[in-house]
Every structure is written in structure tokens, then in C-alpha cells.
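The following blocks contain the structures, represented as C-alpha cells.
In the two complexes below, subunit A is the common chain; its partner is subunit B in one and subunit C in the other.
== the complex of A and B ==
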């Protein structure tokens, strides 16, 4: 196994171990998604039981906000326990650090979606839903990778600013809007009816997004940690 | 303390020349677009296209300049490139807001509404505007040591997201926005096309002039603070 792969594996294992011991981030993200879904239901001002036409938004608005919380939270050890100093002093490739964190965030989001996707069917969709869960999960996986790559790049700047709690959502969410458009569109395409042409287009977009931002991150990530 | 260097005088002269050129070009463009260019069947409101499209195009040029300057900053770490990043992002944001306002006026006249979520370009410009507004939040909240570096990285990231925003929104909605330029060239007759192109040239010159003036101002501000510092030190 090449050195970079070993580094990535070690870093992912470090993130997942930390998370398994504390269970801070994923549990809070999962709970947040449930709360946000309930708020959205009441926020619409309706007691309708079938909100199929809003399925994309009902799933992706909570996940997007949970991602912002999770990405920011995943840097707490780096910032407060000075883990980052240790990593930067060690001969670790910066890009390996980015890939590892993107994998960890993707993992967190996948766990959260294990709760969110079934809940969408239970709470809001009346009609055929469970047959399209596999398609929603595939689109969610692609969106999670995009969120992971972009989130890692953005968070590695935002968490080292003064008003980080505010800066993180303000800079991350607008950049994430195209992913929300595509992920919600893909969800809507398969929940509201099997429009596989639209679904495929959105999935291709999500792959393109991840690839482009991986290239941008490859070109710029070194500069983020220049000190 | 040093005398005003020749370089500053030259830069100041350059900014003045570009400003005069911008005023002349805009005067020609506005006069031509509103009095000489033939009126469209859709009436005088259609003339807004001579202003709206160049503003929108120049905003993208400004973001492109910021991205290139960002990459150059990361390579050279020169203060000058950082200045170009921040000024270009600011001007790009200004032009984006103007493009949305002029687009909105046009939409009211033609579609009867100030805003349409079905218009892919209007929505995309809103997303782009939000991204570049966030640039200033990141910049103002960064420590001085990281400010220029983060700004440069963000300018590159933000520029990469522009085609993606267009792509995502286009995939979502059918395009109802009128298209002036497609694969078959400009969709307008000769004289109209001429004033349309002149509008773009004029707006680009305005952008360059504003960029030069802003850069000069930043340079002068830094010189002023160094002079102030030197005076304070000599007074002690």
C-alpha cells in the first residue's frame, strides 16, 4: 500500500475512533435532522400528511444544516487539543489530510441518512416510497462525497477564523447550494414519480461537482496550512 | 520616510487615464444604445439589454480576474495580487447586484414579476452573489496572517462554483431566459449587435478603471499608515 493510502487510512481511523468513543457528532447530527424535519412540518403551517411534493426539501434542508454542524464539529479536536499542530509537524501529506476528513464526514452523513431517509417515508410520503429508497440512498452517497470534499476545504479555513460559528455556515451554505439543488432534485425525481432521466442528470452533476472540487482542493489545500 | 515614488505617480496617472476612457466609452455606449440603436419590436424597455448583459458579463470577468489573482498570490505571496483579489471580488459583487437589479426590472416589464425562480440565470446570479458576499465575511473574520491566503483560496473555490451553479440550476429548471448569444452567434441584427458589443467594451473599461482606482486607493492607504507610523516613531 502506498504511503498516502496508509496515511489516509490512519487518519480516517483516528477520526472514527474519536467519534466512536465520544459519539458527540453523529448523535447530535441525527437528532438535529429529526428536529429540523419536525420544525419544517410545522413551519409549513399545514397538518397535511402527504407532503410528497416537498420530499426533496424535507430531506435535504435538514441534512444540509446537519452537515454544517458536523463539519464544524469535526475540527474541534484539531483546534482545541492542537491535533492539527501534530499533524502538520508530522510528514503527512496535506491532501491525504483532506481526503481522510472528507471520508470521515461522508461516513457521518451516511449514518445520519440511515435515520433520515426512512423517516422521510414515515413522516411525509403517502404513496409508493420504499421502492425508491435505494435510488435516494445512491444520490445521498454522491451528495455526501460532494459535501465531504467541499466541507473539508471550507472548514479548514472557517474554523480558524474569529467568528467561526457564524463564518462556517455563511461561507459553506452558498457554495453547497448546487449540491442541494441536485440532491433534492434527484430525490424529487424518484419519489414524485420515476423520472430517471432527471435523476441521472442530477447524479452526473453530483459526480462532476465532487471531481471538480477535489481538483480545486488538490491545487489549493496546501496553501490553507501555510504557517 | 521617502519621497512620493515615481511608481505611485505613474499608477495614479494610469488610473486617471482609464477613468477618462471609461467615462468616454460609457457616454458613447449609452448614447448609441438609447438613441441610435434601432428599437426592438418589444419597445424601449428592450434597450435595457445593452446595460444588463454587459454588467452581467463583466461581473463574471471580475470573478475570473480574482481567481487568477488568487492563484498568483498563492504562488508569489505578493501583496499586490491580494489587493487585486479583494478589489475584483468587491467589484464583481457590485456588478452582480446591478445585474440582478436590471434583470429584475426587465422581468417586471416582460413577465410581470420582479423575481422568477424559474429563470435559471437570475437564480444562479443570486447564488453567485451570496457566495461572493460570503468572501467578505471570511476575509473580515480571518486573522491578518491568514487573511490573504484564505481570500486567495476562497476566490479560486468560488470561481470554480460558478459553472457548477449554472449547471445545477439549469438541470433543475427549463431555461426561460432570453438568450442573446448561442451556438449560431449573436441573435440580433447588425446595428443592434454593434451597440451590444460596444456596451460590453465600455463596461469592461469601466471595470478596469474602477479596479485601477481601488488599487491605487489601497496602495495610498498603506503608504499613509506607514508614514503615520514613521511620524509617531520619530515623535517618541
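== the complex of A and C ==
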């Protein structure tokens, strides 16, 4: 196994160990999504209301804010336990650090969506839904990768800034907008009918977005950590 | 620096001791000038340099929510060390933490955490030790351990406020003030450590 792959595996495993020990991030994100969807359900009125045409937004607005929460908690352990220097003084590939963090964030989002996607069907969609869940999950996976890559890049820059709690959402949310639009569009395309042409177009966009920001990360990773 | 030298960076607060050490550790880039470590002018071949450095700062640089075993396994992978359970346990035994190898670090005393930091520093058998006030927070067993590590004769740079210690243990004392080296005192040949201490006090007065 190459050195970078070994480092990525070690860093992802470390995030998993920390999350299993503290249960800070995923539980907070999951609770946030559930509470937000419950509030939305009450906000829109009775359960008899069919909100199928809003399904994309009703799923992805809570997930987007949960992602901000999760990405904002990136590097909290390193910052609070003052261990970032330990990672940086080791011959750790900075790109491996970014990739590992992106994998962790993507994993957190996938766990949250295990709850959120079924809730969408239970709370908001009155028509046929469960046959679309596989397609929604695929779009969610692509969106999660995009969020993971972008979120890691922003979080890695924010970790060295003083007003990081402010910087994170102010920079992250506007950049995330295209992902939310595409993910919500893909969800709407399969929930409100089977418009696979639109669905495919949105998914291709999500892949392109991930590739674009992965290239940006690759071009800037040294500067992010070492300058 | 020659192999086996122990250089002490001394000086008043704000002199630049820690900044210089962090530059040597590749954690800061110098704004001017050149920095050559192991024959490589940084930042070229920085990973090769990092692989040979053992750094212990004010903080032990370990995860408090992991166990010592998990911490050392993580850093073994980051340093590319071929590890096995017994090798890590041997190292933990050396720093006196084997009985607590699978307990969460957060439950440890400050001295125990600092000893784990020493284990992390030694994990990859570094050729150069960079130590920033390493005795701060160490308990008695930890101080004895660090004495033994330093006595092994590894090349080391140590930031310390304890000029007496430096005058007795270092080979050279580099006196910094206002971000500049104002003098280098050769301690190894000195017959009177007290004279070294007096000279230091004159320099920083």
C-alpha cells in the first residue's frame, strides 16, 4: 500500500475512533436534521398536505445546514486537543489529510441521510416514494462527495483563522449553493415523476463539481496547511 | 550542528526561541533567509526532513479522546513505521504507560499525557530531537525518562528557560534576543558552568 493510502486509511480510522468515542458530530447532525424536518412538517400544516413538489428542498435544506454543522466541527478535536502540529510535523501528505477529511464528512452525511431520506417519505410525500429511494440515495452520495470535498477545503482554510465560526458559513454556504440546487433538482426529478433526463443532468453536474473542487484542493493543499 | 550535539536555545520571553524551533520543525516558513536541515534547504524534500525529526512542543500532540495505543498506531502509520502490537506496547512500557495502554488519554494526569507525547516523539526513532520546554508538565518518571533519552546522545535542539540546566547538559548555548542570536556559548569545553550562566545574564541584562 502506498504511503498516502496508508495515511488516508489511518486518518479516516482516527476520525471513526473519535466519533465512536465522543458521538459529537453525527449525533448532532442527525438530531438537527430530524428536528428541522419535524419543524418543517408542522410548519407546512397537516399530514394530509402532499408536499411532493417541494421534496427536493425539504430534504436538502436540512441536510445543507447539517453539513454546515458537521463541516464546522471538522478539526475541532485537533484544535481543542492541540494536536494539529502533531499531524503537520509528521511526514503526512497534506493531500492525504484533505482526502481523509472529505471521506469522513461524506461518511457522516451518509449516516444522516439514512434517517433523512425515509423521513422525507413519511412526512411529506403522499404519492409513490419508496421506489425512488435508490435514485435519491445515489444523488445523495454524489452530493455528499461534493459537500465533503468543498467542506474540507473550506474547513482546512478556516482552521487557521481567528473568526472561523463566522468564516465557515459565510464562505461555505454560497459555494454550496450549486450542490444544493443540483441535489434538490435530482431528488425532485425522481420523486415528482421519473424525469431521468433531468436526474442524469443533475448527477453529472454533481460529479463535475466534485472533480472541480478536488482539482482546486490538489492545487492548493500545500498552501492551505503550510503557508 | 554536529551529530550528537545538544544545542540549547535560551533567551528572554519573546526572543524567538520557539519560533526558531518551529521553523526547524517545518511548522513555520522563514520569511527571510535560508534554513537547511539534514542537507536539504527547506521546503524542498520536506517530508524526508520531517521523517527524521522528533518534535515535542508545549503540548504533547496526542488525541485525548483516543487511547495511547490508538494514538501510537495512528502516528506509526503517518510516519510509515512498520509497527506491530508488541512494538507499540514495548514503547508504552518504556514510558510507563503499558498498564493504561487501552484507557482513554483524557483520564490521565498531565505528566502521563506528556510521557505519551515523549513516546510519540520517539516512535519513528528520529535522528534529531526538537524539544520546546520539554520538562514543563512532566512528572518525576517522565523527567527521568527524558533525561535518559537525551543521554542517549541523539542530536537535539532544546528550548529552555533553565539556564543552569543548559549550562550543565548542553554542548552549546545559543542566546537569542529580539529575534537574533546575540552569542553562542560553548558549554562542552567549559570547566565552570557558573561562568556560562553569568555570561548569559550579562547578555540578556
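Basically, the second predicted complex is superposed on the first by the 217 of 227 C-alpha atoms of A that agree within 3 Å, B and C clash if a C-alpha of one lies under 4 Å from a C-alpha of the other, contacts with A are read in each partner's own complex, and residues count from 1 in each chain.
Following the convention adopted for this analysis, a contact is a pair of C-beta atoms (placed from the backbone, for glycine too) under 8 Å apart; a residue touches a chain by one contact, two chains touch by 3 or more.
In this text the structure is predicted, and so the values were computed from the model without any measurement.
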{"item": "Superposition-derived comparison: subunit B or subunit C, residues of subunit A touched", "value": "B"}
{"item": "A:85 touches, of subunit B and subunit C: first, second, both or neither?", "value": "second"}
{"item": "Partner chain in contact with A:122 - subunit B first, subunit C second, else both or neither", "value": "neither"}
{"item": "Touched partner set for A:22, first subunit B, second subunit C, both or neither", "value": "second"}
{"item": "Subunit B versus subunit C as contact partner of A:171, first or second or both or neither", "value": "first"}
{"item": "Those residues of subunit A which subunit B touches in one complex and subunit C touches in the other", "value": "226-227"}
{"item": "Subunit B residues within the subunit A interface of the complex", "value": "71, 74, 127, 130-131, 133-135, 137-138, 141-143, 145-146, 149-150, 152-154, 156-158, 160-161, 164-165, 167-169, 171-172"}
{"item": "Contacting residues of subunit A [partner subunit C, same complex]", "value": "3, 6-7, 9-11, 13-14, 17-18, 21-22, 77, 81-83, 85-93, 226-227"}
{"item": "Residues of subunit A defined as touching subunit B within the complex", "value": "153-154, 157-158, 160-164, 166-167, 170-171, 174-175, 177-179, 181-182, 185, 198, 201-202, 205, 208-209, 212-213, 216, 219-220, 223-224, 226-227"}
{"item": "Complex interface listing, subunit C residues touching subunit A", "value": "25-27, 29, 43, 47-48, 50-51, 53, 55, 57, 59, 61-66, 70, 73-75, 77-80, 104, 120"}
